[in-house]
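So, here come the structures, one by one.
Heads up, the next two complexes both have subunit A, just with different partners, subunit B and then subunit C.
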Partner chain A sequence: MIRSDSPRKVRGALEYGVDLDAPGALHAVLIRSPVAHGRLRTLDLERVRSSPGVVAAIGAAELAELLPSRRGDPSRPAFPSEELRYRGEPVAAVAARTLGEARAAALRARIEVDPLPIVAQIEDVFPEWPGSGEGESEHVNAHVLARQGDTERVFARADRVVRGKYRTAGIVQMPLEPHACLARVEEESWRVQSSTQSPFGVREDTSAILGLPEEQVVVEASWVGGGFGGKGAALLEPYALLLAAASHRPVKLQLSYAEEFELSRSTLPSTIWIESAMSGDAILGRRVRLLLDTGASLPGRDFATGYAIGFIAGPYRIGAVELEGYAVKTNKPPFGPHRAPFAPQCVFAGESHTDEIAREAGWDPLEFRERTAWRVGDETPLGQKVGPFGLEEGIARARAIRERWRKELPQGTGIGLAVGFWSTGTGAGGEVLVRLGPTELVIETVEAEIGSGSVIRGLVAVAEEISGLPREAIRIERTDTARGPYDSGVYGSRTLGALGHAVRVAVTKLLEELGRRLPGRGEVRLELLDGKCVASRGEARTGVESLFTDTERATSGMLARGRHYGRGGEILAERVITGGFFGYTDFTAAVHLAAVAVDAETGQVRVVRYAAIADAGHVVDAPTYRAQVEGGVAMGLGEALTEETLWSAEAELMNPGLLDYRVPTLLEIPPIEVEVIEGFPGAGPGGTKGGGEPPIIPVPAAVANAVADASGARVRELPLTPERVARALKLL
Partner chain B sequence: MALLAPTRAEEAIAELLDGPEGRVAVLAGGTDLLLDLEEGKGAPEVLLSLHRLPWRELRWGREHLEVGATLPLAELERDPELARRIPGLLEAVGAVGGFALRNQATLGGNLVRASPVSDLIPILLALECEVGILGSTGERTIPLEKFLLGPRRTVLARGELVRRVVIPTLPSAFRWQRVRPANDVSQISVAVARTPDGEHWRIATAGVAPLARRARTAEALLRGRSPPEELMVSAAAGAAEEAGVRADKRATDTYRRQLLRTLVLRAIRAVPVGPTGDAG
Partner chain C sequence: MTSPLRLLVNGVPVETPVPPSERLLDTLRWRLGLRGTKEGCRTGACGACTVLIGGHPRLSCLTLSHQVGEEPILTVEGLESDPVGRAVMDVFVAEAALQCGYCTPGFVVALTGLLKEHPGASESSLLEGLQGNLCRCTGYSSIRRAVTRLAEPAP
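After this line comes the complex of A and B, so read on.
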């Protein structure tokens, strides 16, 4: 058995957020804005309240009564009282005995809105690149600009300049399990169980929104049926808690799939321009311009532009680089993180462009990258030194795979290469409590297993490696934010890097303590003998229970706390002219090859083979790591080929459902070859690097480059639907 | 909402005639109906499921295949004769939804729902199949083309059910195009059938106009079991023109025309040259 949760998942025995229930629980529905932009004139909930089964209905007007001591963040009200900023924005909520009653009642709200002008898309305000100095525009949430070297000089002396304009689509995370939570308010305790990637993140957000002290809000994660970044912040919890306070009953709130599309903060469209100044076969300089639709995100809450833009220039030796981007405010729902936030889109632009340079000059795109790739110790545009990095080796392995494919695959098959890089997130840090009992080692954490295996398998594997105990003797125990040790969340590929470190620290402390209690010298190891935890040193073996103090015996074991507060890499301040950029913690390479067949008359792309070479640093559990790579590729193929949110001129989402938002099925997933590179250590325990996000990053670019190789058609817009490919083939 | 599953046809028809119009929704697989109910379109008091009626025949005649209205598509797909005797129908059935959906969906349900994006209607139009309609006074049979009145509209009167579909065994082919190959709505689907002697060709297209339709001008260009290449190309181009393409969120009109030219030509070429069916 690979994972201890698998049998229960197969049997349907695990309690996910959608399964949460309590005796007497009410069902809640959000009442949402009918327009993308407007001023709320009237919100009348009387007819909602008089509907059958309704116990509570609340909007902005009820907040003061429910939260008399409110001193929350005024920029983040639970419900808007004036300006409505996007279609579907929650303006009120209703709780009723049944979901059907709540839905019927919600339809009876009277909402009157004075319309305001709608900015539906980037082009409405910036039809072209606006130039520098738009930072103060009312349409801009954030402006970033950084410069390495003298780009003007190198562009002036280039023998040619290669230019490209790329567009990417909005996409949603689409976990199988939508957002769901169950709230209870009893006296001073505001308690919520939730399908979340970050109980402490939800606590922080919820207390800010409701204006409650953090200790008064208690969050407990349920099992999570997929998050992909969409479940890292509070979304439903404040509404459910408010309804629970108003009704004095437990309240269940869960999104429908259609609501999930509109409310789960995700990726919105972008336009990216890249120019490369070439001299012979060297890139002298590169200018990157990014306009990123960040929807109705609140000012100052942009994280995307300054993080993403560094990926567009690529992991290449380029003399001078200028990076500039705007986070554009529109009346779409707010932007949010989505597995490797915005990196697949950036790398699609950057790696398509790099491929174009090579192909136009008649060079082998692989060889060109091989020559130009960062080496360890190189300096990045933001002034960081490249640490241990598996890029060169990854490209060398890609070459071997390409040679083999060229022999195996039929004529006409196109092969595309793309490389991406990533950095393991740190978050604010994390802690675990580890308890060694007579028969088991228990890791106590607030974090849920979200499907990747990073908690249920990754943390256990680290404990196995350090302690010597087999996996059946190690258990994860989930706790809540009132009792549990702090951690910032299961996101950013950080779980193993941060919590794994914390486990390593805690288990090491336990072994040291056992060492003090055991005679002899040398390393202490644990093993399981006849169902008991046994400590050994050299030839000597002792059941751990006999080493416990009286207190430990009474409290079922020895306790140790492990903590890890990692830091992001420093960046050279003088390179940053304006805006918040992010430094990378470590450098993780992902080198991918896609092989495609293109139908020359319809534009249909079929991916026939795929290879992902992963710069793992160190692998603690091979099947779990491999599954993350395969899953990343599968998800990336959706971004490459079919997934796209469609928006009307009034910023209405036109395809909020799985019928016209096309997630790949197993039938579209080709055989995936996974190669793992170890030996370029990252910041995690034993040198691990984050594994969840890197494998999605190069996928759209690899597919686009393969399509160009197969057919000559260069598609500069995601996703590569048959119609877009047909257009690039000049069939239309 | 009550679920009724009668075992006798008379009971089903009596239920349909009982109470006001719209009280009963007929469930024959439900792969389309349930989407509507989920979206709150219609609020029937009774769901009348046909799954217990003995209507799952699959009978091969000399020149026809008779399919009971509630036979799941997956069972039709598994029939060992289908590939040889009506190849286009096998291709079309295999293109409907995914495996799980085909275990549930039925031919009768598909026709009665008369969806503009049905993948089955074009091949059944090209094969010129007939629909057996059962009412309180007995069964009548009409050509499919007359059965369909428009998108979501058929000639079925109150108290009537589709009992069976009678499908001529003809050399035929079906082609489709989708953004995502599996389990998606076709941007275009195309069916072509030919009489065994090659005297008549029939072309039907879907995803273009409000409902699938025949391309009769293009059909008339084709003669013989293996028409000359230039006539096939002209017929495909003609079919693209007469189909009445339109743009929607799934494809532009320009792209649909390109798809029609391509897929009609491919389907014509894919029709087996040798006679199939009992003639061979």
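After this line comes the complex of A and C, so read on.
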């Protein structure tokens, strides 16, 4: 069996956030802003409160009496009392006996708003690139600028300059399970069970928003029906807790799919300009300009602009680089992380551009990348040395796959190559508690299995490797933030690298302690014999129970803590002119090939083959790793071809549902070939690199490059809908 | 306003008061406690709530409970008692044709229904029959591998 959660999942036997229930639980609905921007003049909940079945209705006015400290963090109020910043922003909440009653009551709220001017899109602020350093505006959340070398000089002496302007669409994570939680407030304890990727992250957010000490908020993850970055921060938990405090009853709050589209923080549109100064086949210099819509994000909370912008420049040897971007504040919902946040969009621009440079000069795009790609020891634009990196080997493997495809695929099929890179996010570190009992090894963590297998399979596989025990003797035990060891969450492809490392440390400690209790010298391993954990050293075998102290025998066995300290890469500060840039922890390559057929009459793109070459570092479980690559590619194909949030001039989301926002269906995903490269180690246990995010990164670019190869149509806007392809083909 | 409703769910007759406008999805999950059937989009677009009614795959979010009548209902909780259902679940476990598992009950129920309706169905017709079920995690790759094993070998 590949995954130990499979038998319960095929039987529908696990409790997800949407399945949570408690005797007497009320059902809650959020009352939301009818406008994208305005000043709240009146919020009258009297008619809500007098609706049948309603037990509590709360808005900004009720916060003070509900919160022990009278107020939370004024910069992130639970409910706004003045300015409404996006359409659908929660302004109040209601709890009733049934969901139907809560919905009916919510419609009776009286909300009066004085409208304010709406900034719906980037172009409302900057119709074009504002010019370097010229983008000062009240509508800018962040400005980032970094420079390596003398771009002015190299552009002046270039043989030619290649320019491109690219646009990318807003997308949503759309896990099949919407956000859902169940809250209870009893005495001092504000307790919430939630479908979350980060119990401690939710605790931190919730305690700040509600002005409660962190220990007073207890978060427990349920099983999670997919997250993809959307379930990391607190979203529903503060509202559910406030209603539970107001009603003195448990409160269930769950988003509808339409609300999931409107409230989940995800990727918003961007415009990217790239200029490359060329001399022969050398890239003398590159200028990257980025305008990223960050919606109604709060100032200082932008993480994407200064991180992702490096991916636009690409993993290439470039003489001089200038990176500049603005995070533009609009009246869309706030920006948030979505599987490899904003990287597929950046790589779409960067890798489309790289292909254009090569094709324009008559070079094979693959060979051009082969010659220009970073080698180990090269320097990034921000001055980091490139560590172990499977890029070169990945491109070599792509060449072999392309040769085979060219023989196998019919004439007219286009083949596109794109490379991406990524770095495992470490977060703020983390800890696990490992317990060795007479018959099993238990890993205690607050983290839920969100689907990737990183917890249920990845952590177990690390413990297997280190201890020698078989997987059936190793179990994950999920706990809550009151009892469990701290960890910052299942995101950033970090679980194996951070928590897996902590597991390795803890299990190693247990083995060392067993070594002190056993006679002789040499390595200690564990095995399972007749259902018992047995320690071996050389030829000797000893049941671990006989090695326990009296206390260990009376309690739950031997205990060890393992810890991971979050860390990132160092960048050269003098290259940063302004804004927050981040170093890479490791260098993870993803080299992809797409083969497409383009309908010459309709512009419809069909992906017929796909190959993903993954720089894994070290694989602890091959089927689970491969499944991450396959899933990432499929999600990337959605970003490439169909997924796009559509916004009105009033910043209203026009397609909040699966009938109008198309995610890939079964027959739209071709067979995916996966090749794994090991031997370029990352920072995780045994040299693992993050696996969840890299496989989505090059997908839109690989498809766009394949479309250009098949048809000559260069589409510089995501997604590649039939209409955009047809326009590029001059059919429209 | 509710009216009494009799249903045959997983071979067991049940009687419960249900309002005329209630969806079968909600009756199963919240009145009968059968939460293996998952609530997804509630608009018939995702397939997570698929159950068998009279042996046919149906979306319980678009079915009113009072519409069902005497047709037997099979949910994921009842699949184990069905030989085809058991085979489908075994193959999904063997291939790990799942990740978060949220869409999985819908997939195994739909596939069981397809295999029962069309014994000996080809792989391609089974895949076509599953297009109404969305999965956001697997890229459908492991699900395809499971379907390959369940389909009759091509002649």
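What we mean here is this: the second predicted complex is superposed on the first by the 726 of 732 C-alpha atoms of A that agree within 3 Å, B and C clash if a C-alpha of one lies under 4 Å from a C-alpha of the other, contacts with A are read in each partner's own complex, and residues count from 1 in each chain.
Quick note on the criterion: a residue touches a chain if its C-beta (ideal position, glycine included) is under 8 Å from a C-beta of that chain, and two chains touch if they have at least 3 such contacts.
The shown structure was predicted, so the numbers you read here are calculated from the model rather than taken from an experiment.
K.L.:
Once the structures are superposed on A, label A:646 by its partner contacts, choosing first (subunit B), second (subunit C), both or neither.
P.N.:
In the superposed model, A:646 contacts subunit B only, not subunit C.
K.L.:
For A:530, select first, second, both or neither according to whether it touches subunit B, subunit C, the two together, or no partner.
P.N.:
Neither partner.
K.L.:
Let me test your reading of the model: by the given contact rule, A:450 touches which partner, first (subunit B), second (subunit C), both or neither?
P.N.:
The answer is second: A:450 touches subunit C but not subunit B.
K.L.:
For A:630 in the superposed arrangement: first (subunit B), second (subunit C), both or neither?
P.N.:
second
K.L.:
Would you check which partner chain A:188 touches, where first means subunit B only, second means subunit C only, and both and neither mean what they say?
P.N.:
neither
K.L.:
Name the contact category of A:665: first (subunit B only), second (subunit C only), both, or neither.
P.N.:
In the superposition, A:665 touches subunit B and subunit C alike.
K.L.:
Between subunit C and subunit B, which one touches more residues of subunit A when both complexes sit on the common chain A?
P.N.:
C
K.L.:
Just subunit B (first), just subunit C (second), both, or neither: which does A:159 touch?
P.N.:
Once the two structures are laid over each other on A, A:159 reaches no partner at all.
K.L.:
Using the superposition on chain A described above, determine whether A:550 touches subunit B (first), subunit C (second), both, or neither.
P.N.:
After superposing on A, A:550 lies clear of both subunit B and subunit C.
K.L.:
In the superposed view, which residues of subunit A touch subunit B and also subunit C?
P.N.:
On subunit A, the residues that contact subunit B in one structure and subunit C in the other are 659, 664-667.
K.L.:
Show me the residue ranges of subunit C that touch subunit A in the complex, using the header's touch definition.
P.N.:
Against subunit A, the touching part of subunit C is residues 29-30, 35-43, 45-46, 48, 75-77, 79-80, 89, 92-96, 98-105, 108, 127-128, 130-144.
K.L.:
Which bits of subunit B are touching subunit A when the two form their complex?
P.N.:
Touching subunit A: residues 35, 98, 177, 179-185, 187, 249-252, 254-255, 258-259, 262-263 of subunit B.
K.L.:
Considering the complex alone, what residue numbers of subunit A touch subunit B?
P.N.:
Residues in contact with subunit B: 601-602, 604, 606, 641-642, 646, 654-655, 659-660, 662, 664-668, 721-723, 726-727, 731-732.
K.L.:
Can you tell me which positions in subunit A touch subunit C when the two form their complex?
P.N.:
Touching subunit C: residues 1-3, 5-16, 18-19, 21, 174-177, 223-226, 228, 256-257, 450-453, 623-624, 627, 630-635, 657-659, 663-667, 669, 671-672 of subunit A.
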